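Before anything else, here is the set of structures, which you'll find just below.
Look at the two complexes coming up: chain A is in both, with chain B in one and chain C in the other.
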Partner chain A sequence: MAEAMTSHRRRQSQLARREAITAYLFIAPYLLTAGIFTFGVLLYVFYTSFTNLSASYAAASARFVGLDNYIRAFRDSEFRIALANVFWYFIIVTTLQTIGAILLASLLNAKLRGMRFFRTMLYAPSVASSVVMSLIFLWLYLRTGFINYVLGTNISWLQDPRPIFAPLYGLFGVDVSSVPYLFRGPSITWVAIMIMNVFSTIPTFMVMFLAALQDIPVQLYEAGAIDGATGWKAFWTITLPLLRPVISLVVVLGTIGTFLVFAQISIMTQGGPLRTTLAPLYLIYQKTLGTGTQAEAGFGAAMAFILAGIIILINIVQRRYIEQPSDV
Partner chain B sequence: MTTSSTGTTSTEGTAGAKGDVTKLSVEDGASLRVAVSGNATEQRLYQEGIDRFKAIFPNVNVTMEPIPDQYETALKAGFSAGTAQDVFVLNGELMGAFAPNNLLLPLDDAMATAGVNPDDYYESLLTLYQHEGKTYGLPKDFGALVIFINNAMAQQAGVDPASIKTWSDLSAAAEKMTSGEGPGKVYGMCLNPDIQRYGASMLQNGNAIIADNKAVFNQPSGLAAVEFWYSFKQNGTGELFKEMGKGWCGEAFSGRNAAMVLEGGWLIPFLADPANGATDLEYTAIPIPVPDGGKPATWLFTNAFAANAQTKYPNAAAALVLFLTSAVNQKALIPSGLALPSLLSLADDPYFGENPAQAVLVQQGAVGHLADVVLGGPLKKGDVINALNVDAMEQIFLGAMPPQQALDAAAQKVDEILMR
Partner chain C sequence: MAISMKRQSTAQASAQPQRTPLTFGIALRYIALLVFSLFAFMPFILSLLGTFKTNAELTAFPPMLLPQQWRLDNWTRVWNFTLPTIQGPVLPRWLFTSTWLAVLNVLLRLFFCSLAAYAFARMRFPGRNLLLGIVVASMALPAEVTLIPGYVFYARINWINTYWPLIIPDLVVPFGIFMLTQFFKSIPRELEEAAYIDGASRFRTYWNIALPLSRPALITLAILQFQGSWNDYTKPLLFLQRPDLMTLTVGMAFFRFQYVNDLSAILVGAMFNAIPMLIIFFLFSKYYIEGASYTGLAGQ
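Let's turn to the complex of A and B:
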């Protein structure tokens, strides 16, 4: 009897083991590629960040330099400017794209004739690649371009390094150039790129919100209506709280996206004017591989890891504050 | 077993100015891969050169591998992976990266065998490709910066291009050729706040950019050069091409938004291209006017051909480098008008008698300087140019900082780069 039990158990455990092996075999192709091309490379780059490896030289010439690259990054004025720039980009773009996406999704959630058409039209901007978007806006933003024509202004949108907070400081008689770089605010050109990015990313997030909105049971609104919550009140007390998990997701995705802004800069401004659109990823690219530099891959790797650390830190804080109440 | 041409055609001038590449004992059945950068036209010209080489060495197989984009990155990656081509176009940046690491094939022995005298080439160009007494590349051509003037606008304003010799002549001419207001305004001068433009005027005041591994461009002679070019902007007789909504000054020139531009020979094929709408635009080229007490100077740009130290066929690779930069091959390329010959002997080519603008360009070989050499060496050049352009030139021309202050700030940055 006991013998039969153990043999049965043995057979069961054998079965389980065989099942596990099959499962691992199924995911092996992914594990292998991810292991080599994601984690393997990541480890190599992490090692690189402690060396003086130059992309110009054979890898054999790299020497271990300890924390030198990290110390240099924190002291490097360009890296600090890039972090200040991307900070504003993250604050403004993430806020605007999240609010914009919720509003648009709510609008599209209404039951109206021809809604499918509007949904398609509003989604269209995010189908275009960021390169195509950048090229289109490059023309729109010309001094002789469409935006100046419509607004009646005469601004070189992609050539204007003036910080947007300058008039604010002017009110108090403070010269903006005496203020620390971060507190001067983004330049006009940087804001122009932000607007473009908000415009092109809203639709993607809008779709996420739309899906979440359609998951909210109608009964909740009916019950709310009985208690007197309609219109805006229903939106604030029913819709928004139930959207929390999606808001958290959108903010986290938006944060990662904004910190990694690259194509727009590479195509439209190359970090100029006066480095006011220089973002960390573009700087890292320039330092690591860019034409005409010393191709300091080790230094670039150190900056990349600092950037990754900052993003992870911000994401942790965001998830704690946005997601928590709905976990209850 | 060696291969050489035994035909009746002369092989003089197939290496350097008068050398003979067939004196090299090229490996029979050698197979070479050649990496070239550039657009479709340039690739066609490279292929023609390779075909001429194959006519001399029919037993050498040569395959061209064009890399039209991200050339430097691709070549560096090739060397890291051990898959780099046997022969390739080399610029200053790559020279700085490869030569100190012994990745390039020294050409001195092959040059001596084939009878190539280093003095055949402009010294200012060749020196970039020499490292610790060895020659690792031979300049295949060069470009130079000059002032281009729109003839019709000059005539209308009563300006004789040939009479513009000094800085004050240039200022006066720009003022006369500026006309109109608002979006249709025509500027006398198109401005491009790049050290690889206005640094030429610093060089006219002696080497006033970097001396003894220290930045000196913030001293009076350097400041004077920047203030001179900034004065066009201040007087309203010049404007930045970006402010005119143009991609570069050539577009401002072809669009008749500016009467004068400081540009290189690449402007000539650009104007000749019907797509740019300026095939009827007649122009004159003049050397950059000189300040009082200064001397002629300009920027030169160059590329070389070089060979991989790891090539399986060093003799064939060296022969190809020698041939592609030889008098025979460069003479065949002159009529394309794309680049100027790097051999002094070809400056007298009849082509330049018929093309006065090209003649002015080729004369600059004697007075020009390479940014790779002047701006802290090929490895640091990129960072030095970046610091000068962003911390000084852009600040000044966007009116964010007074010239002296901006130059001082940039000098500090450049000193840090030079000490690194």
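Let's turn to the complex of A and C:
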């Protein structure tokens, strides 16, 4: 009897071991690729951020320079300009795309004929790549383009470095060029790229909000109606609080997306005019590959890690304050 | 909220339209939706019309909605476009590269993601929860930040101007593992256990039973990954620097800098890039929107 038990147990553990080996074979491709290309590359880039690695990418010529690249990054005028630019981009784009997505999703959240059709039509533009949008808007934003025509303006949208807060400072008789760069606000060209980005990212977030809205039980609104909460009041007191987790997520995803803006700049402006559309990732790209400048891959890597740190910090704060109701 | 078969069926049920009397509020809602939909499509409509115009028409003010004369010149010109060092027209070449890369990436990712997901959802092994935790955590990190400085790494292993960096690092995407793990968990275990007890191996139960039952989730993942590969710009820009190797996205960006004033050609290029994606979208829009709402769930 006891013998049968032990042999049974041995067989069990043998089966468990075989199962574990099979499981590890199934996930081996992930472990290998993530180990080398996600974490390995991350460590390698982290290492290069402490060296003066340059264009030839030959490790032999790279010298260990300690924290020099990081210290230099914080003092570097271009990097500071890029951070100021991306700060405005992040604030304006995340705000507008989140509000726009909630409003469109609320509009679609009705048990009516044709809602599926409209959902499809509104979502469609977001499947086009940022390259496509950039190429199209390159034309629409021309001085002779449709956007000036419709707005009745005469602006070179993609070549106008004037800061948008300039008229505001003008009211108080302050010359905008005497104000620190960050407080001048984004340039007209930068705003033009922001609008294009909001336009093409709203649909994705709209669908996320719509899924969340459809999960809200109707009974909550029925109960709210008895207490006099209808229309806008119901939206503020019932819908928005319940959307909090999704709002938090959309803001976090939006933050990551806006801080990493790259393709639009690469295709439309290359950071110009007067560096007013220079974003950190584009600067890192220029420094790493040496396009239009001297290649300093180590310096680029240090800037990348500073950028990643900023994004993660902001995300932590966002998750903490948006996800849970603050008054609990 | 979890991804499951049940979720999909309820989402479909709730989307059933009902007959409601037309009130002022509802009419207003329809009008708003119509206006927004038209607005959303305007850039595509305008540039599609633009591809039939001459460069002079494209920069004329005030801009005209329709071309004075419908001509296909731009399309044939861009299609037959050649570059000095490359044999044959370059656009079909870019189109072909984008297509095979996207198809290959979809197939590889579906296979390897579902294989890993099956292990996470169904098998017991030491370190399972820790590894799944790493998968989920790696989705929340802004990993793209290290993509560009990582160029140095790929240069060291001589992968510049090869397709390897566009295939191998993303062979198994964390989002795919996560999504399919959730989906497999929602399938009743009994179906597989019967087969497993009958002596089928783990791989056979995965291949013959779990995969066929996961069709909707696999299609959703396939579409998202196709779009990701087809629309990708940063990676091909970094790693494919020779025009003969380029994909359509970087090819068009390259083109835009070579022929700054050839707007009609740039618009045709944008259409070549956008139209295949739009066709796939309209064919699979149901899965598409499911997928986009899953992206939301993944981050929670």
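Methods note: the second predicted complex is superposed on the first by the 296 of 328 C-alpha atoms of A that agree within 3 Å, B and C clash if a C-alpha of one lies under 4 Å from a C-alpha of the other, contacts with A are read in each partner's own complex, and residues count from 1 in each chain.
Everything that follows uses one rule, which is that a residue touches a chain if its C-beta (ideal position, glycine included) is under 8 Å from a C-beta of that chain, and two chains touch if they have at least 3 such contacts.
Since this is a predicted model, take the numbers as computed values, not measurements.
Undergrad: In the superposition on chain A, see if there is space for chain B and chain C together, and answer fit or clash.
TA: Superposition check on chain A flags a clash between chain B and chain C.
Undergrad: Where does A:Ala301 make contact in the superposed view: on chain B (first), on chain C (second), on both, or on neither?
TA: After superposition on chain A, A:Ala301 lies in contact with chain C alone.
Undergrad: Just to be sure I read the superposition right, which of the two partners does A:Leu108 touch: chain B = first, chain C = second, or both, or neither?
TA: In the superposition, A:Leu108 contacts chain C only.
Undergrad: With the two complexes superposed on chain A, say which partner A:Phe137 touches: chain B (first), chain C (second), both, or neither.
TA: In the superposed model, A:Phe137 contacts chain C only, not chain B.
Undergrad: With the two complexes superposed on chain A, say which partner A:Leu289 touches: chain B (first), chain C (second), both, or neither.
TA: A:Leu289 contacts both chain B and chain C.
Undergrad: Determine, under the contact definition given at the top, whether A:Ile216 touches first (chain B), second (chain C), both, or neither.
TA: A:Ile216 contacts neither chain B nor chain C.
Undergrad: In the superposed arrangement, which partner chain does A:Ala229 touch: chain B (first), chain C (second), both, or neither?
TA: Neither partner.
Undergrad: Between chain B (first) and chain C (second), which, if any, makes contact with A:Leu281: first, second, both or neither?
TA: second
Undergrad: Quick check for you: in the superposed arrangement, does A:Arg119 touch first (chain B), second (chain C), both or neither?
TA: After superposition on chain A, A:Arg119 lies in contact with chain C alone.
Undergrad: Applying the document's definition of touching, compare chain B and chain C: which contacts more of chain A?
TA: Per-residue touch count on chain A favours C.
Undergrad: Output check: A:Gly145 vs chain B and chain C. Expected answer is one of first, second, both, neither. What do you get?
TA: A:Gly145 contacts both chain B and chain C.
Undergrad: Give the stretch of chain B that clashes with chain C in the superposition, choosing among 20-28, 38-46, 128-136 or 380-388.
TA: That would be 38-46, the only stretch with clashing C-alpha atoms.
Undergrad: Would you please give the residues of chain A that touch chain B in one complex and also touch chain C in the other complex?
TA: In chain A, positions 57, 59, 142-145, 289 sit in both the chain B and chain C interfaces.
Undergrad: How about chain C: which of its residues touch chain A in the complex?
TA: Touching chain A: residues 1, 11, 14-15, 17-20, 26, 29-30, 32-34, 36-37, 40-41, 43-44, 46-47, 50, 58-63, 112, 115-116, 118-120, 123-126, 128, 131, 134-135, 138, 140-146, 148-153, 155-156, 168-172, 174, 177, 202-203, 206, 227, 230-234, 237-238, 249, 252-253, 256, 263, 266-267, 269-270, 273-274, 277-278, 280-282, 285, 288-289, 292-293, 295-296, 299-300 of chain C.
Undergrad: Going by the contact rule at the top, pick out the chain B residues touching chain A in the complex.
TA: Touch list, chain B to chain A: 72-73, 76, 79-80, 93, 96-98, 101, 103, 183, 240, 242-245, 379-383, 385-386, 390, 394-395, 398, 400.
Undergrad: Name, in rising order, each residue of chain A that touches chain C in their complex.
TA: Counting only chain A, the residues touching chain C are 16, 19-20, 22-24, 26-27, 29-31, 33-34, 37-38, 40-42, 44-45, 48-49, 53, 57, 59, 104, 107-108, 110-116, 118-125, 127-133, 135-140, 142-146, 149, 199, 203-204, 207-208, 210-212, 214-215, 245-246, 249-250, 252-253, 256, 259-260, 262-263, 266-267, 281, 284-285, 288-289, 297, 300-301, 304-305, 307-308, 311-312, 315.
Undergrad: Flag every residue of chain A that touches chain B in the complex, lowest number first.
TA: Touching chain B from chain A are residues 54-59, 61, 142-145, 156, 158-159, 161, 272-275, 289-295.
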